[in-house]
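Each in structure tokens, the structures are laid out below.
First chain A sits with chain B, and in the next complex the same chain sits with chain C.
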Partner chain A sequence: MDPLLSVRDLKVEFDTRHGRVTALAGISLDVMPGETLGIVGESGCGKSITALAMMGLIPNPPGHLTDGQIVFEGEDITRASPRRMRQLRGRDISMIFQEPMTSLNPVFTAGDQIAEAIMLHQDVSKKEAWEEAVELLRVVGIPEPRRRAASYPHEMSGGMRQRVMIAMAISCRPKVLIADEPTTALDVTVQAQIFDLMRDIQEKFGVAIVMITHDMGAIAEMADRVAVMYAGRVIEQGRADDILDDPRHPYTSGLIGCIPALGREAASAERLPPLAEIPGVVPPLHLLGAGCAFADRCPLVHDRCRRERPPLAPHGMAAQEFLGGHAVACHAAEREIAA
Partner chain B sequence: MGASGYILRRLGYGVILLLGVVVLNFLLIHAAPGDPAEVIAGEMGGATQEMMDKIRADYGLDKPLIVQLGLYLGGVVTGDLGESYFFNQPVIELIGARIVPTILLVVAAQMIAITLGVGMGVLAARRPQGAWSAFVSVFSTIGYAAPVFWTGLMLIILFASMLPLFPVEGMESARFSGGPILYALDVLHHLFLPALTLGIIFLAQYARLSRASMIDVLGADYVRTARAKGLSERKVTFKHALRNAVLPIMTVAGIQFGNLISGALLVETVFNWPGMGRLAFDSVLRRDYPTLLGVLFFAALMVVVANLLTDLGYRLADPRIRTGGSRK
Partner chain C sequence: MSFDGHPSAGPSGAAPLAEQPLLEAVGLSVRFPMPKKSPFADRDYLHAVRGVNFKVHAGRTLGVVGESGSGKTTTAMAAVRLTEAYDGAVMFEGRDVLKMGPEALRKQRRDMQVIFQDPYSSLNPRDRVGAIVREPLDLMDVGERKDRADRVKELFSLVGLRPDQMALFPHQFSGGQRQRISIARALATNPKLIVCDEPVSALDVAIQAQVLNLLRRLQDQFGLSYLFISHDLGVVQFICDDIAVMYLGEIVEYADRPTLFAAPRHPYTAALLDAAPSLARRKSAGYSRAGAVKGDPPSPMNLPKGCAFAGRCPRAQPRCKDEKPMLRPLEGAKVACHFPLEG
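This part shows the complex of A and B:
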């Protein structure tokens, strides 16, 4: 099966006070039709930039997509015209954001904002679009959808606003739905409801979901496959079960160690020293050297890690072949496999 | 409380405010040096003590100040603003003949300032680092700093001698003949320069404010959402962003109305525009206190009405205010 969306060696740079910094240093990902791909990593590792690149929404200036491809259904959308991109956005690829409180326009009603997206991409009357918006609000589980359609964002809770965002994002039956930390700003019970809703929607519409999160718990719950990012790179990738049961990268192990009460400690504890939390922070992008970006925080670090950056996957394997397989960018993991 | 309750409450505040303004103006003017009786006597061509006493009695100037104030307030409430010392005509009639040109001038200037200013600011915000943006910043600083009479004189020089397209004096052509439509056009033609002069000063502020407000709003999350829907940049800018960016501009527009009216006083003098500004100016020189008080009263009334309209407009434009007010 061909991937629906594949990112190849994508490089994104930003002009900053420190000169040009690399936010994405050549990442590759595949999204298969109807699956959920989780992208996980700490703050600042480039998750949102990856998502915005897929939408063609890297802010420019200061951002530049300097290399690589994003292929959607056979078309390299990094080369698409702005007009073509506008057609795809919201219709074939849509996105929901981390900040439900501020992502809806305060001066328009929820119904108007959903209907606007419908009218933009479909040949329907205003009235039909409104009826469809009400129906979508019902689908995303908003009580009294007809009344709520006429409400303004400030009259709704964060969870409800995120449901409105989801209704808007699925209004044109997209093939890919990118969810950038959709529950970070919401409290725990609401988080679980939103995850349930996303699973329902995936079942109903067969949409592929790209779930961005910094929480391995969310990955365990939602994802079929996972890409773990660190400092602008994918450092481990594979099926969610494989990675959760048998993480190869010390960073991934650390993230799994951060899952509260998941009962996976036993599996990983034998292999690696347990990490309740990963000490240290992601180094600033303009200070990244030649070696592994995780070296300074890594419990298994050795000389080679500081000199030479480990490539993703055992040597020589093409990105395409990762699919279904388990790939990791770590010298320590490689030695272990060789041994 | 619903919208009508809100309006009633605001109207009540407006009335109290106006009464306060009337009392303060009255006391201030009576604290100023100069005896109106002398001025009136001067107009009549002589000033014997006997005449002065008679004048004081006729105009009620011999009564204690507090009584005069009470009489004046009573008049105001019943729509009587007294008689002009100079014209010997009810003040209300004098103002009635001049208020329309002033409103015309102020509204036209405000419209010029807002449309041009917001247009300039919005275009500048689309490329904050661009040349146009820099031009708008410089232009608005100069426009803001330049005094009204200087701008007016420059425009007069420009249009009177170099580019005589627009009349620089009065509100209508002498010996005008033609139908009402032609007359309206004639007035508009005369209105152009005074309104532009008055507008330019405020235009600069709107340009600066809307540039800043628009840059702010264009970075908002909901603008990103609008783009993520696939909307064109034009729709994103003029529908999603501008609707939010105008909110602070509306607030300032309301506040500026007062300044606009005092600016109109100068502009009317420069362009010989037959409005209340000229009347106020002349009344000061003639110590025609009732007329001056009347003009000030109407100026305050216009400001109060303008602010009320701005508030109502703001409630229409910002749903958060609308429901916020009704919850209280």
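This part shows the complex of A and C:
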């Protein structure tokens, strides 16, 4: 099966007061039809920039897409005209954002905003678009959809607003839905509802989802495959179960280890042991050296790590070949595999 | 194991229980006035916290957990009088904090400090961080003036910062480091109680682990008590000895950590646990939630007559809508539910 969306050696730079900084240092990803790819990492790792690049929404200036390709159904969209991007965006590739409060227009009703998205891409009358909007609100589980279509965003709860965002995003039956931290602003019971809804929608419409998150728990629940990012690079990639059960990069295992255990399994009378820590902080992007960006925080660091950056595809595999497999950018992990 | 006497601390690693709690809230209530609908209308109030009772014991951590709007932060702020309560009592070592005059309260604050949620807005951007940590020492006149610089240095080392960073400004630090500065400031006066209001929720998970471990180390070192506010059950399970679960301004379940997490009794607690993402729930295994809670909490301006959770509860019966369940003891816990879950 061919990937629906392929990112190849994508490089994005930003002009900052520290000069030009590399936000994405050549990343490669594949999104297969109907799957969920999780992109996980801490703040500043480049995960949201990756999402924006897939939408053709890197702000320029200060951002520059300097190298690489994003191929959607055979077309390199990094070279697409603004007009062509407007066609694709919202119709074939759509996005839901982190903050449903600020990404909806406060002076239009939910129904208006969904209908606008429909009329932009489909040849329908205002009335038909409105009816479709009501239907979409029903699909995303909003009670009394006809009444709610006439509501303004401020009259809705955060969860309901995120449902409206999802309704808008799926209004043209996109092939790829990019969700950038879709539940970070929501309470945990509402987050659970939104996750359930996203899985339902994937099943119903077969849409591929790219889920950007900092939460490994969300990855476990939502993703088929995972890319772990650190300082502008993908440092580990593979099936979600492989990554979660058998992480190879010390950063990935650190991220998993520092999550507090929850529930009955950890309900001992004993105090829980200290959390595993990753010492230090993510280095500022303008201070990255030639070696592995994680070297200063890594328990397995050795000389070579500081001199030479480990590539993601060890053993000379091309990106295409490790799709479905498990790839890691780490000298120590490579030694382990060779041994 | 009686709850009022407190479940035994035993092997939890936490401090053994003293006779008297360090801090005890009795019937604590907070309401906020709402704008009048007309000049002649009666004023409406939003009852944010309604008659909660809890105890923080010396050397232990009480977690208050709930979703946004549950009143957990308001409860904690009222307990240290950063928000005024309109009813109830907060006894700190036997004296009612709510009845203290301004001078007594100012002295009392030496013993009760706060770490706020947002490390970006809780540090004055114009002050050097050394001055920020020193300020409580000067304000509350702690120790000799000449020793204070050394004390600030010591505090910096305690929280894992370098003393040479004292001359920097808050914006020169990362979120995690700023939260360490907040912790140093809270520790400055050698308090007995620190209110931690979501101290790690603005931090990345790797940094969160560092700060949580630090908070626990400091608790062991200085015998601190924490009143720990969080929406994250994993964090609460890691750091808290006792837990109060709040929903719409009331405590719906109150138990020690092993009891609560081994067998949540209130359907809302169970729903929170069920909703929290966990590494064990895999898409590959076709994970789906059985008892997912529907909808949003009702508005605190318009509370139902019966149980506030009844409208979302998978176990609700007609009785729940008519009759409000009171918090009552149940096998080592306290639960406000007519039909609690099996233990």
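Going forward, the second predicted complex is superposed on the first by the 320 of 339 C-alpha atoms of A that agree within 3 Å, B and C clash if a C-alpha of one lies under 4 Å from a C-alpha of the other, contacts with A are read in each partner's own complex, and residues count from 1 in each chain.
Basically, contacts are C-beta pairs under 8 Å (C-beta built on N, C-alpha and C of every residue); 3 or more make two chains touch, one makes a residue touch a chain.
Please read all numbers here as calculations on a predicted model, not as lab measurements.
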Residue contacts on chain A - larger count, chain B or chain C: C
Partner chain(s) touched by A:216 [first = chain B, second = chain C, both, neither]: second
Which of chain B and chain C A:95 touches, first, second, both or neither: first
Touched partner set for A:187, first chain B, second chain C, both or neither: second
Partner chain in contact with A:231 - chain B first, chain C second, else both or neither: neither
Parts of chain B lying in touch with chain A, wherever the complex brings them together: 129, 220-222, 224-232, 240, 243-244, 317-320, 323
Residues of chain C that touch chain A when the two form their complex: 10-14, 67-68, 174, 176-177, 204-210, 212-213, 216, 231-235, 237-238, 257-258, 260-263, 271-284, 287-289, 292-294, 296
List of chain A residues in touch with chain C within their complex: 36, 42-43, 157, 159-160, 187-193, 195-196, 199, 214-218, 220-224, 239-241, 244, 254-256, 258-272, 274-279, 281
Chain A - residues contacting chain B, complex: 55, 57, 61, 86-91, 94-95, 97, 99, 102-109, 113, 116-117, 120-121, 152, 154-155, 165, 168
